[in-house]
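Take a look at the structures listed below.
Across the two complexes that follow, subunit A remains constant while its partner is subunit B and subsequently subunit C.
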Partner chain A sequence: MLETLLHYLSFPFVRYALIVGVLIALCSSLLGVVLVLKRLSYIGDSLSHIAFGAMAAATALNLSDNLLLVLPVTIVVSILILYSGGRTKIQGDAALAMLSVGSLAVGYMLFNLFPPKGGNVSGDVCTTLFGSTSILTLTKEEVWLSVILSAAVVILFVIFYHRIFSLTFDEDFARATGMRTGLYQLGMAAVVATVISLAMNLVGSLLISALLVFPALSSMRVFHSFKKVVICSAIFGVSAALLGLLVSILVGTPVGATIVAADMAGFFLFGLIGLFKKGRTA
Partner chain B sequence: MKKVLLSILLVVSFLLLTSCGDKTEAPLPSATLTLEEELAMQTMSPEFQAALDALNQNAPTHPPTPASALDPSATDYREIAPITISPLIDWDLSRLSTTMAFGQLTHMLMYPETYVGKTVRMKGVYRPAPDSEGNIAYHFIIIYDQAACCELGIEFATSSRSIVFPIPLPDAQIELTGVFDLCYDVGEVFPCLRVEGVTLL
Partner chain C sequence: MALLTVQNLSAGYEGKPVASGISFSVSSGDYLTIVGENGSGKTTLMKTVLGLLPPVSGKVELGDGLRKNRIGYVPQQTAGQKGFPASVLEVVLSGCLGKSGLFYSKKEKDLATKQMRRMEILPLQNRAYRELSGGQQKRALLARALCAADSMLLLDEPAAGLDPVVTQEMYEVIQSLNREGVAIVMISHDIQAALIYSKTILHLAEKPLYYGDVFGYKREYFLEGEQHA
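Our next item is the complex of A and B:
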């Protein structure tokens, strides 16, 4: 098994997949803590559906790089959802549901009306929704772009850690202390959209929420301070992504589903650890 | 604490950015060779070099290109001189998992220049395609991804002008061992596999 793995690691596309997969998982798990605590867990799913619609539009327009359209559209919608808050006529979960299913339907229709080059509509939809092999077919330019964007997200998270903490737990207090909460929310919305656009390559549109939610929830089972949850979430997310990727290439299972299965296994394990810890302190 | 974390992050990012382009780590066969170097390794004939030089000098808008990268004298990509298929397999996709085989074939189709002349073995499904008169004229081997929703294929043809292999039934499981080639037909450039026969599984 080890020999096979070492042989597989000699393939360049496997190394690219591991690099990008780890970075995306790291960014997703960091942001996931904030989204889960702010009760915005479902935003990942909605934004990913919107990104799917944007990707279908990019395919219809024959754009050489889908991210040229996907990234700006997802960022704009993310800002509209997260930043506008209660200032719209259609609010909260209703707006999310509308945008989410609408984008999915329009995206699938566009894929059928303007099939991608090669004509394999079901394949491209399946790959985009479930991320079966897109992480293994990255070009060097896509890898570099993912590395740069992921590094930017992590650096921003570290620099603005204390402000993110304030914004997560008590936005009103943060505003009262003079923090420009509107600006930080705008930035957060853009960062979430960026991570989701990148994560579509790893696990596909339908499974992105798992990357955001599972690491945070698993960590919260065991740890109860924000810093510990963030660090544990990052380690959990990266480990699950790495394990999922390696199992997928060794056994021949879909990449996205295997990563999510690893996340789920980790969640149950951390749940047991949490119960054990609770039993000991009780 | 934040400064330490930031410093660690900057160092890791720097290392990642500098090490990704490192070509000294166990390069794959011909991973760093240019197309010209690759072709020169396989086809050392002065005539081919002269033909390439003439192409580069004259450089019309759509210069005539050889029908096959392995046999520049061929006028049709499906009729090239016999090629000896080495018993040493450079890329054995038949022993990889479905995920890896699909990923590797994708890489070969995205960067065909680096694989020209390499001996490849792969397992897949046979798919024929007819010509304009309805006769089976083109042969493909298809590999599916793990979810069986995406498929990738590559055309295969005999390298010898005289050998005709027995045609399998459509969707039959087959295994091929052949030499990777870059074929040119009606202005289109596409990868193809030169085989001597087809093995039914």
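Our next item is the complex of A and C:
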């Protein structure tokens, strides 16, 4: 088995997939902690549907790099959603449901009206929704872009760690102590959109939420301080992605689904550990 | 020189006043309780004082070394905080953010230790905030607020959700802080407690019904009522 693995690892595209996959999982699991604790997980879900629509449009336009369109569109929508929160006429969650399902429909329509050259429609839709093979077809440029963007996300998260904690725990207090929360929210919206656009490549748009919520929810069951939850979440996310990628390479299962399965297994494991810890202290 | 001066303030949302014609001032050592029914504009007033809402008209001025947006605020618990994974130390330290750079230095950590000792929660510093009792959580939030500013505290219903014994204890903690010179501004439903502990009362019902010392308030609203009864 090790030999097979080493054989696969000798291909550059497999190494690219592993690098990008791990980085995306790292970013998503960090941001996921904030989204879960701020009760904003559904925004990640909606944004991933928006990204699907944008991806379809990019394919229809025959862009050289789909990220050129997906990234800006997702960022703009993300900022609009987080900024207009509570101020819209239509109820927030209903408006989001409308937006995301509309985007899915339009995206599918575009795929059918402007089928990509040489591709088959259902195959492309499946890839965009569930990731399947796109992680293995990354170009060197795409890999570098992913590396740079992920590094930026991690660095920003570390630099502003204490402010992110304060904003997440108690926004009103953070503002009353002089934090410019609007600015941070803007930054957060942009970063979340960036990570989701990148994660489309790894797990496809329907499975992105898993990368965001599973690591955070699992860590919260075991650990009680913000710092430990963040660190554990990062390790959890990276391990699940690595495990999922390796299994899918060896066994040939779809990448995105395998990663999510690894996340789910981890969640139940952590749930059991949490129960055990509780039982011992009680 | 007053720590906080509010002049002819109208507080409200998007240009529509909820409460108006409000003037008061708070100096070092003062203890002001703002009382009133739900919907009387208490919370809106406090948000405006904190700078979370812009004033519809009028002025909020901070003096005596209190920088704008740097007030010791003790909010009510939000729903999101119930299961929030954070240690007591992490919560208290976040009160130092206005003073610190990107990371906390020893100075801020010492300040947090000092305020936790003052609130008698130092032994709890590594415990999970979400597993503390209601009273202990309030003490942690008080310590956090004291890290932000220890000349004046703004408290939003500090007794909400606490049982009677802990409520009593909370009022005594607040009173002892006041005796140490911390000015207290509090929103409360609890008129009985306000009469016992505070020095000044502002009774709000979309406009101020009464503003003055607690003895005058008792005379005007309580003694007369009892005579009629």
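By definition in this document, the second predicted complex is superposed on the first by the 280 of 282 C-alpha atoms of A that agree within 3 Å, B and C clash if a C-alpha of one lies under 4 Å from a C-alpha of the other, contacts with A are read in each partner's own complex, and residues count from 1 in each chain.
The rule is simple: contacts are C-beta pairs under 8 Å (C-beta built on N, C-alpha and C of every residue); 3 or more make two chains touch, one makes a residue touch a chain.
Just so you know, these numbers come straight off a predicted model, no measurement behind them.
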> With subunit A superposed, do subunit B and subunit C clash or fit?
Replying inline: fit
>> Looking at A:C126, would you say it contacts subunit B, subunit C, both, or neither? Reply first, second, both or neither.
In response: first
>> For the three-chain arrangement built by superposition, which of subunit B and subunit C touches the greater number of subunit A residues?
In response: B
>> Under the stated touch criterion, which partner chain does A:G252 make contact with: subunit B (first), subunit C (second), both, or neither?
In response: first
> When the two structures are overlaid on chain A, which partner does A:P12 contact: first (subunit B), second (subunit C), both, or neither?
Replying inline: first
>> According to the stated criteria, A:N62 is in contact with first (subunit B), second (subunit C), both, or neither; which is it?
In response: neither
> In the superposed arrangement, which partner chain does A:T139 touch: subunit B (first), subunit C (second), both, or neither?
Replying inline: first
> Touching A:F160, do we find subunit B (first), subunit C (second), both, or neither?
Replying inline: second
> Should A:V229 be classified as contacting the first partner (subunit B), the second (subunit C), both, or neither?
Replying inline: second
> After the two structures are laid over each other on chain A, how near do the C-alpha atoms of subunit B and subunit C get, in Å?
Replying inline: 6
> On subunit A, what residues does subunit B touch that subunit C touches as well?
Replying inline: 159
> Where on subunit B does subunit A make contact in their complex?
Replying inline: 2, 5-6, 9-10, 13, 16-17, 20, 26, 28, 31, 96-100, 102-104, 106-107, 110, 145-147, 149-151
> subunit B touches which residues of subunit A in the complex?
Replying inline: 8, 10-14, 17, 19, 120, 122-124, 126-127, 130, 132-133, 136-137, 139, 143-144, 147, 151, 154-155, 158-159, 161, 248-255
> For subunit C, which residues are in contact with subunit A within the complex?
Replying inline: 47, 50-52, 67-71, 73, 75, 78, 80-81, 83-87, 90-91, 93-95, 97-98, 100, 102-104, 126-128, 130-131, 144, 148
> In the complex formed with subunit C, which residues of subunit A make contact?
Replying inline: 37-39, 159-160, 162-163, 165-166, 168-170, 172-179, 219-220, 223-229
